[in-house]
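Got some structures for you, see below.
Each of the two complexes below includes chain A, the first together with chain B, the second together with chain C.
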Partner chain A sequence: MDNINSTETASAGQGSNAGHETVSVVAAPPQAIKAWVSRLGIAGVVCLAAGFGLAFLQPQGRGYFFHAYLTQFVWILSIALGALFFVILQHATRAGWSVTVRRSAEALAGTFPLLILLFLPIGLPVLLGSDALYPWINRQTVMEDELLRHKAIYLNVPFFTVRAILCLAAWWMLARFYRKMSLLQDATGDPDLTRTMERWSGPALLLYALTVTVAAVDWLMSLTPQWFSTIYGLYYFSGAIVGGTAGLILLLLLLRGTGQIDTHLVTVEHLHDLGKLLFGFVVFWGYIAFSQYMLIWYANIPEETQYYVPRQTAGWVGVSIALILGHLFVPMLGLMSRAAKRNTFTLAFWSIWLLVFHWLDMYWMVMPKANPGFLGFNGIDVLTAAGGLLVFSATVLDRVAAAPPVPLRDPRLAEALHFENT
Partner chain B sequence: MNREAVSISPSDGPDSGGRWLGVAARFTGPAELLAAAKRIKEAGFRRWDCHSPFPVHGLDRAMGIRPTVLPWLVFGAGLTGAVVALLLQWWTNAVAYPFQISGKPLFSLPANIPVIFELTVLFAALTAFFGSILLNGLPRAIHTGTTAAAFRQVTADGFFITVDAADPLFDAHRTSDFLRGLGAAEIELCPIPEGSTQIPHAVYWGLAVIAILATLPPLFIARARSHTLEWPQEKPRIRIIKDMVVQPKLKTQQVSRLFPDRLGMRPPVAGTIPYNPTPPDWEDVRRLETGRVGDQFVTEFPIPVDMDLMRRGQERYNIYCAICHGLTGEGGLYDGMTARRARARGKPLWVPPAALTGQSVREQPISKIFDTITHGVVREGRHSMPAYAVQIPPRDRWAIALYVLSLQRARAPLPEDFGTDTAAAALSGPAGAATHDLAAPPQGNASLVSQNEQSKQSFDQGTNYEHRTIDGQHQFD
Partner chain C sequence: MSATNITLEDNTFADPRRRAPLVLGAAADFQAVTDRVAALAERPRPPLGWYVGFAIAVVWMLIFFGLVGYLFLTGVGVWGNNSPVFWGFPIVNFVFWVGIGHAGTLISAILFLFRQHWRTSINRFAEAMTVFAVACAGIFPAIHVGRVWLVYWLFPYPNPMGMWPNFRSPLLWDVFAVSTYATVSVLFWYLGMIPDLATLRDRAVTPLRKLLYGLFSLGWTGSARNWHVYERAYLFLAALATPLVLSVHSVVSFDFAVSQVPGWHTTIFPPYFVAGAIFSGFAMVVTLMVPARAFFGLKELVTIRHLDNMNKIILATSCMVGYAYAVEFFTAWYSGSRYELFAFVNRALGPYAWAYWTMVTCNVVVPQLLWFKYFRTTPWAMWIIVVLVNVGMWFERFVIIITSLTRDYLPSSWGLFMPTWVDFCMLAGSFGLFFTLFLLFCRYLPMVAMAEVKGVLPAARVHHHAGHDFAASTATEATAPAATDLAAGDLAATN
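Right, the complex of A and B next:
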């Protein structure tokens, strides 16, 4: 806390009053990044378009495409949401260690304009009354099902639209606020900006929790509108933190590896701590997933088990078991050791592994209706996932290139630079 | 704080221990402590330690402390906890006391995971807690630094390094000078405290006595619980906690000190009259409730037989009986949800329910059917059918028996049943006069049987059989 009012903090890069703590910030020119933005972006759009085109060559391909598209959307959305949570959490806990990695998390969370754009192919068909994704949009289906009639007060197109706009707007606003304030501090060095960000972090977390729950219920749970699970929002959240942390680690490793961030700014100690978070939330995901499963398994009531029965039949058994092993036990053991978290290769390996299995988790949540019995992956799955990830990465790199790689004049920068785990 | 004690008197002379526990050096801050720790490690000291009011990052590395074995112990303990929890639940649930709960398998992994998780955490946490205490060499009666007067600062703002006299390189003067050379703000030799530093033997003896005494309550509880295992039980269980089972009360033949005549059993108050002025015909009641006169089964219904009773019987039958014997009473492996489920799972776990429409049951007197519902069926000392006396009142049991008769009649109809209006005529007889023969099949039962044949086939083809209950319900409507 002493550091906040101290003018002798390590001011990196700006060079004015650095004292004995001057650290060079910009090592490589950001032009190298900018070149990749357009390449990745174009490749991503091409992949998405190819996936959409492929849908017309297959019987029932359009319904399949929308499900695959939703899968990749909630996947990349969760990475951004995980990063946004990370940023708010650092302010809520007044964390010193994470200052140098926070700017990268802000870049990941800065992708909400893209995500709002990418939501349109999901939101517009709903507005136009297409039930390709959500059965409750079909008036006939609702009238014939008593449960859906009772849920119509919540599951209807106008209210759905309002909620979607509120959620996306809230995330965009939060991400924008924390990034703008942080960039403003780079320019002014005003420590009061940190206080302001901290003051708003509590309400921000509340807003975040509410909107993530609503989004998970609306966009994912209402795919099976008769079914319900009160822990569903938390389930999506737990996966989002895994995805967001894995994405953040990979981004940092990329920027470190290409010289965009000096290895003295983001040290192995920071990576170690991010690895701990990743490990912890892998276990948290398993805890939440099992909590949801066990109650439904125990009570064995048809209106609840209808969610798990399709996921336990035919090919989906394999996917479910792959998730238990690949999303929980294998990475848990892999990330348990201190050495694994301090080695950039193993850390990158497990981050990629978890991003892949996190996508499989989204696939498992969305696809059973479009891909009954799971006969294998479709080209559409691969193309949409690749396209989503590519346009997302392009946007992240664009954000990275637009700002210094670390908060330059954060009052806790010195603490982060000297951070050690032992 | 006595600063005089801090300085070393030259009269002490050269000294390599014996009079000192060691030496404590105070440094001004964490950075100085780190720097000094590196130099002491390089100088080759072995038995020394750092003390600070808060954890100093990087001190482990500066002191050259090797990684602890504790994580491996914790990992092993966690695994042990998981395996112990799994075996415990498998043995108690599937071996020692097999008891089916809500149709789940006796040994079922999802149900066991919470306990596995908890025991994993418990074992690992206890190992981490006690392991770190033991690996740090605690508890310890006396520590080198604690006899130095300045050392108490360590809980406020003091950063200390202590070197034990037991270190091979220790020498009171040279080590003190060395530490001063490292920038120590204060050096103090730690005197050996007066008197013995050993823990008195009485403490060990006391602990042993407490340990023995501590085993007595569990032993007593174990004895109190175990001697009731004898069978037949002769002695009452020893009740450590006397709850409501043990309470003062007066039983019929006991002596009471409360009343002058010392009788526990009280005569009716003077002027008491019987509640029921006309006593019931006990013979009728017995016939209704047991279906017997003396040792003989009665062959006629003790209550009036009419269409209402038949409807009541169908309803009760479909509620209580059809789940095993099937809607048609065919029983066996094909009718009845339980038998079908057992068959579908490939595990006929129980004796197939009897066919109520079969020859042996058809030849039973009506009250034998009533009697079976009342008492269940005991085969080889076990209830293969439970007694329904508790769930179904006597009147309803007779109604079910009546309905069973109609099912039998539908299965093996008499020639006159194929005429028109016979059934209606048979049932329209005077109330109370109905006999076994008069319990004719209600309309539609023949079709019910043929439907059953169809459903057998449809079941064998693996189609569903959910909706037949509704069909059965509507037969009389």
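Right, the complex of A and C next:
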């Protein structure tokens, strides 16, 4: 990692027209990134610590802190999961257009070591028997509730821990596998590595679907342990692909803007396509959210409506309406036109917008018990969210600095360089 | 018009350095595509096999319409529908056929937006299948209303009775969803066919053909302006049809899911039904395509790679359906609702357990064979699998509708369902209607989208990049060595 001011040249095409085909990247020295890694990382840790400190100054602040912490955790986790899905999907579909943006998605998905670390403040209290988050950990509560007694075979500390370890390990392993293979290909140029990644993409997607569902049920749905919804895993997934795509767009815009990625490698065509995906995923989230809400509202059975009633009470009405508008209709209209997706400013705006509303969606899922009636945001909410995002960003930049900005010798690199929306 | 016995190039390779050709052998030429496809519609006489198939299909179609007449004269008692199973075979068949009708729009809209060029060889075929499947589907709820002479009451029209349909009922939403879907599918199918109809018009030798193809090609001249307008319209229709792919079967799922019947009321139903519809639709495309490409000599246009790709989609959607089965079963237990759990245990172990296990075997277990390339690329093997998927998806609707209705909350109102001979004959008859329409399509209309296939031939890849795009596509293999030295230097630096 020393003194590199290298000019990487990813060349695609034959010698005869090399003048047109060759694009060169003058990468800024990774030290500049490295410096930001430590700055952002320290700022993030300070924010998280300040949030934790603030919890002691407030009545019932401890329970509130854990909920706010879970909110930010499932938020940044979903960005990494969305990016991981993107990476696997590119291999499953043998995509050519996305080769130059894939490395950035790999960087976002390369954050699982951090996420495993950040899971500890959620997992350790569970192991120690604290019911600050999950009521089903409290034996007394379980004994008094017939439903919770029924579910105790599934909702118990040892099994919960095993499942959490399996989920986190699976994601870490998948992200590591795809990043390692891709980096290995930079070194060897072996097209068989692409073949290997493609061959495992099917089973990888199966494992992904299973683990994301389990995690969503365990970490989020079991906050209201009496409640159930079969679409819940899909709901979390649909938010994750919005967050992952928005995160990927922002990372690419940042790297382009700072000269880390040449604008000939990630062109406006790639951004346009990612914008289309973002638009599609926003609508998909709306579809899943509507399906869940409409069916529960229509049947109007108390055991199901118990989830929505607190979210339709007092201040939460505003949050719910804000979600419908801000997570669906407004960005849907905003991202609809071709121009909005090809303009870096508007694309960045809607990506940030959606990350914020995606956080609000996580907040809406986690917080109603800690913040009944929603009396506004707490300093703890802001500090945990900022802290989580900062340490996450630091880790992403660390991943970015550790590798070339695009897969240098992917056999389909030329396709990505020549890609145009027609 | 028998299958040509030449050995075709294997285009199912997975070498990432080059893209597989989509059209093989002698057919990979503009003129050859036109000749190959148009010849099928221009033959003075179709082969004997077509007549045999058509005769069988027409007989069953006539049986179907005869039974519809018998139903109208006698009443819905001719079916096995009873109390508590008010929705018997007709609704099973309705959902089955609507589901089949999903592949067409998926291929023409979603795969179009995803730039899946291989869709060009199969989209016409799949869209036709969609239109005919939706036609079969639409008949069942219409004849299921009992007083069929009042079926127009389904539509909200201004009337002196002051009566309106119940807008809160998903059955009414179905009327809108399915009719919108049918309209858009027909439009899409027809719009895409206009350039090809014009080709048939220009090649027509008999006055009648000239007149009819001329009439339906709407004065297409093939000018740049025509193509410009056409491609804009196609893109817009694709964008509009994409939400329809999700919405139609979601609304069909609401028919069940908004109720409180155990096994019906569950939030995953909309996406689960959509996945199942795409699953069954693609299975039907492959079911029809495997014999059709052999029979009509289309193996170079609809290659093994096309089948391979469709089989991958079938495998993916099979896994989604399996996921939904698993999540439903788990949540039935997790919910702690004894009725919900009973509904699922009753499916697996009750009087219709055989139907449930047929469903699971055909929809989840058997398609797992498609993980192996052999089964994805061997026509007879995949054909057996996809036929079983069709069976399984029919049984899925049977299981959902029948088992939940036979035993719900109140044991005193339990009852069994027994289909009658009319039920079976109408199911078979709906296939007769479907195949009658389909064989007519194969006889008179261009089965493959000629204009679109030509657009993905290598010779067509010469647009504004003036040559070098084409050079790049052939030069892909040369890419890797060129990048090697610089990349190696960089990597040494980063490590």
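As a convention for this text, the second predicted complex is superposed on the first by the 399 of 422 C-alpha atoms of A that agree within 3 Å, B and C clash if a C-alpha of one lies under 4 Å from a C-alpha of the other, contacts with A are read in each partner's own complex, and residues count from 1 in each chain.
By definition in this document, a contact is a pair of C-beta atoms (placed from the backbone, for glycine too) under 8 Å apart; a residue touches a chain by one contact, two chains touch by 3 or more.
Predicted, not measured: the structure shown is a model, and the values here were computed from it.
> Which touches a greater number of chain A residues, chain B or chain C?
C
> If you stack the two complexes on chain A, which partner ends up touching A:402: first (chain B), second (chain C), both, or neither?
second
> Report for A:162: first if it touches chain B alone, second if chain C alone, otherwise both or neither.
In the superposition, A:162 touches no partner, neither chain B nor chain C.
> Which partner chains sit in contact with A:325 here, chain B, chain C, both or neither? Use first/second/both/neither.
neither
> Determine, under the contact definition given at the top, whether A:32 touches first (chain B), second (chain C), both, or neither.
neither
> Mind working out whether A:298 is in touch with chain B, chain C, both or neither, as first, second, both or neither?
both
> Contact-wise, after the overlay, does A:173 reach chain B, chain C, both or neither (first, second, both, neither)?
In the superposed model, A:173 contacts neither chain B nor chain C.
> By the touch definition above, which chain A residues appear in both interfaces, chain B in one complex and chain C in the other?
294, 298, 418, 422
> Residue numbers of chain C touching chain A in their complex, please.
It comes out as residues 14-17, 19, 113, 115, 243, 246, 250, 254, 257-260, 265-271, 315-316, 319, 323-324, 327-328, 331, 334-337, 371, 463, 465, 468-469, 471-472, 475-476, 478-484, 486-491, 493-494.
> Using the touch definition from the top, list the residues of chain B that touch chain A in their complex.
Residue list for chain B touching chain A: 57-61, 71, 75, 102-104, 110-111, 113-114.
> Please give the residue numbers of chain A that touch chain C in the complex, ascending.
Against chain C, chain A makes touches at 1, 4, 6, 8-18, 20-21, 30, 94, 96-97, 146-147, 150-151, 154, 186-187, 189, 191, 194-195, 198, 202, 206, 209-210, 213, 217, 226, 228-234, 276, 283, 287-288, 291-292, 294-296, 298-299, 301, 303, 402-404, 408-415, 418, 422.
> Using the touch definition up top, name the residues of chain A that touch chain B in the complex.
Residues in contact with chain B: 290, 293-294, 297-298, 300, 336, 338, 418-422.
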